[in-house]
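We call the chains A, B, C and D, going by the order they appear; numbering starts again at 1 in every chain.
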């Protein structure tokens, strides 16, 4: 990748999550994928009521329990121990995915290996003969949620762009991603391409474009 | 703060339009959102499609809506009205279109709508008059009918308890079609006998989680009469 | 119909129900249709535990309540007030018909207008342009229950046979009836026709055949 | 008197045969019927098809069954095993057949089996590698995949409470796939943490009504470890 002389500091994982959380309005029902998306729950602005869904049968997921106060029967989809908020409820897997597939979730936030300029998402397998393929609920969430936002690093550890013209990894779903939150920017997937909504302080549009594998449109 | 309660029936029914498809909970006299249905009558909207197991019960609720000529089409499993001839008169006079659907298919078509399943195969009704013209397919050497999801614009639901997130419980046979209707409509409006504080309902015993519910109005309508 | 000199007395509705109830083994889950079938619940032999399902969302339906002790929220599929036994449960209509369609009921007992020698059932409409057609759960039950028994009068009020070569009324389902309990006999629908299992006292096989619109086979 | 309780795991598992298809409840470490699964190991049967969300959790239950080579085919959404490489070793070595299914489709295919629906259309997975060769159809201008019911010979379920009719409740996230598996198998075998008298469970809060359950064994396995 292009060498970049940085006078900017990429957002941390927590900062990506916090930036995304700012955009979730009160009253939305939201499913969070594993990784950075899980952190979103911790960053919803104080006093704003957002309801989190876990596909393993929980609505109203609360924060991680205090140490020594773990209910071992209460885990989220990432198998972490969680709590249940007042107003929470339990249901079985077919009912849980009825909620997902039936478009009853306002938002799903997922991680990604790659997102294409058409909003295609690849997040479940590194190749068609992955030695441990594992799809989980990603395909259902990608098709079912009313809107899908991705939270991820802008480039791979090796510096290769994750936002590309087309995905090289097997697709989770085509054309499903509406917005991408990375350590560098917030990008909207529009009908005619990728529109930058916001960049981190100090980052130039050209620097951002240099780290992106598809053409970006400048902020409106 | 999320608060799905409306202060009146009028407020809860705001924005309904002519031609809408209504999904009505209830079986016999039990679990019918009669006050909401009569509120719909008051709004003056017409040309409605109504999905319900019965064509009303007694002379209230749906029976009144039918009698006042607001319903263009009824999608229903058992349209006879106990203690009333409203349905038969309208239907015989050709003033009401009827789509008769086996009861289990009616429930499953709404559940499918709520679950994002556009169509499914069922053995119910295969080889009968009701399925004429429908697509069929053989599975396990048995004929099955392709049935499509049945979506509503509005669901009118009667609950026993509700909280401000829209979590619901029902009472005994009052559950019936109500949770299925709640899943299947763009706008789900609930009348509840009791209001609970958030956290008061047992999370293991909530039947309709709040994400299926849009508006709630507190109506202590008392025991079903029928 | 043939004039019949009777030295036999047809079973009453309650007696038909009682005869049928004798054949339900302990532990079966049973759905009862309206009419004579509903009476079956009152005739299960003392001490034999049978679980009744009502398609409007009840498992463990108990007997009618004592007067003055009616729970108006608790009705069966025939809209009669009932009670709930210990061990009973409530569920919604889609779950209730999942039980039915999914073949989880051991038995369904329905009334009929007609049953053919092939076990075809007609019980929902008098004609293709019935002025008040009403199918309810009959088609689901006829296809879904593991076995279907019919309880009905052997002939119409006008004396015409209800057991016929083929049904003249619109079908509920083809080939679904396994056994027929009437006021005159118990008849098994076998692969090659109708086998009489039992006749009421005093009735001859020829008398029974005379009131039946399809060929009967003598008791084995 | 109806009494579905077995006095031992061995009795509860009587009659299982080689080649059977097992539906296993559980998600992560929670709601896994590990003692029944290890009981299956003891019976010595093999050549099994196993349907489960995960390929076991930790080194117990399904992970052991896999390790001992008893499973021919796994139908699964997320086969990686936390804290174990059993799955990856077997799969890489070609000693385990894998059918990877989106999680919601896995649940719905079992629910369909339990509900007498032989097949349904779903948008999940359309246009992906996982659906290659499957029949598709467009509804509402969107591609859908035809998915078939997934039946089991045996379901192994973990419940929180059970009574002699087989009525079950679950605990928190322990519910997961368990009620769906219970619906979808010819023989449903349950291990329950607690035993209740008939009538003790709230009829409004029973999750799996008894008609889905064949055998129950009381195993106080305690909190999930994981």
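Here is the rule we use: a residue touches a chain if its C-beta (ideal position, glycine included) is under 8 Å from a C-beta of that chain, and two chains touch if they have at least 3 such contacts.
Values in this document were obtained by computation on a predicted structure and should not be read as measured data.
J.: Treat each pair of touching chains as one step and give the shortest count from subunit A to subunit C.
T.: 2
J.: For the pairs A-B and A-D, output the one whose chains share more C-beta pairs in contact.
T.: If we tally the C-beta pairs in contact for A-B and A-D, the bigger total goes to A-D.
J.: In whole angstrom, what separates the CA-based centres of subunit B and subunit D?
T.: A distance of 33 Å separates the two centres.
J.: Approximately how many whole Å separate the CA-defined centres of subunit C and subunit D?
T.: For subunit C versus subunit D, the centre distance works out to 36 Å.
J.: Centroid from C-alpha atoms only, then distance subunit A to subunit D, rounded to Å. What do you get?
T.: Chain centres of subunit A and subunit D, defined by C-alpha means, are spaced 29 Å apart.
J.: Send over the residues of subunit B in touch with two or more other chains.
T.: Subunit B, residues with two or more chain partners: 108, 111, 115-117, 122-123, 170-172, 203-204, 207.
J.: Counting only residues that touch at least 2 other chains, which ones in subunit C make the list?
T.: 84, 90-91, 94, 97-98, 100-101, 143-144
J.: Touching pairs of chains, all of them, please.
T.: So, checking each combination of chains, I get A-B, A-D, B-C, B-D, C-D as the touching pairs.
J.: What does subunit B use to touch subunit A in their complex?
T.: Touching subunit A: residues 1-2, 111, 113-117, 163-165, 167, 183, 198-199, 201, 203-204, 206, 209-212 of subunit B.
J.: Can you list the residues on subunit C that touch subunit D in the complex?
T.: So the residues of subunit C in touch with subunit D come to 26-27, 29, 49, 51, 53, 59-60, 84, 86-91, 94, 97-105, 143-144.
J.: Give the list of subunit B residues in touch with subunit D in this complex.
T.: Interface residues on the subunit B side: 108, 112, 115-123, 137, 139-140, 144, 148, 169-172, 202-205, 207.
J.: Touching residues of subunit C toward subunit B in the complex: what are they?
T.: 54-58, 71-76, 79, 84, 90-94, 96-98, 100-101, 125, 128, 131-140, 143-144, 170-174
J.: Could you list, by residue number, the parts of subunit B that touch subunit C in their complex?
T.: The contact residues of subunit B facing subunit C are 27-30, 53, 57, 77-80, 82, 87-88, 91-92, 98, 100-108, 110-111, 122-130, 170-180, 207, 223-226.
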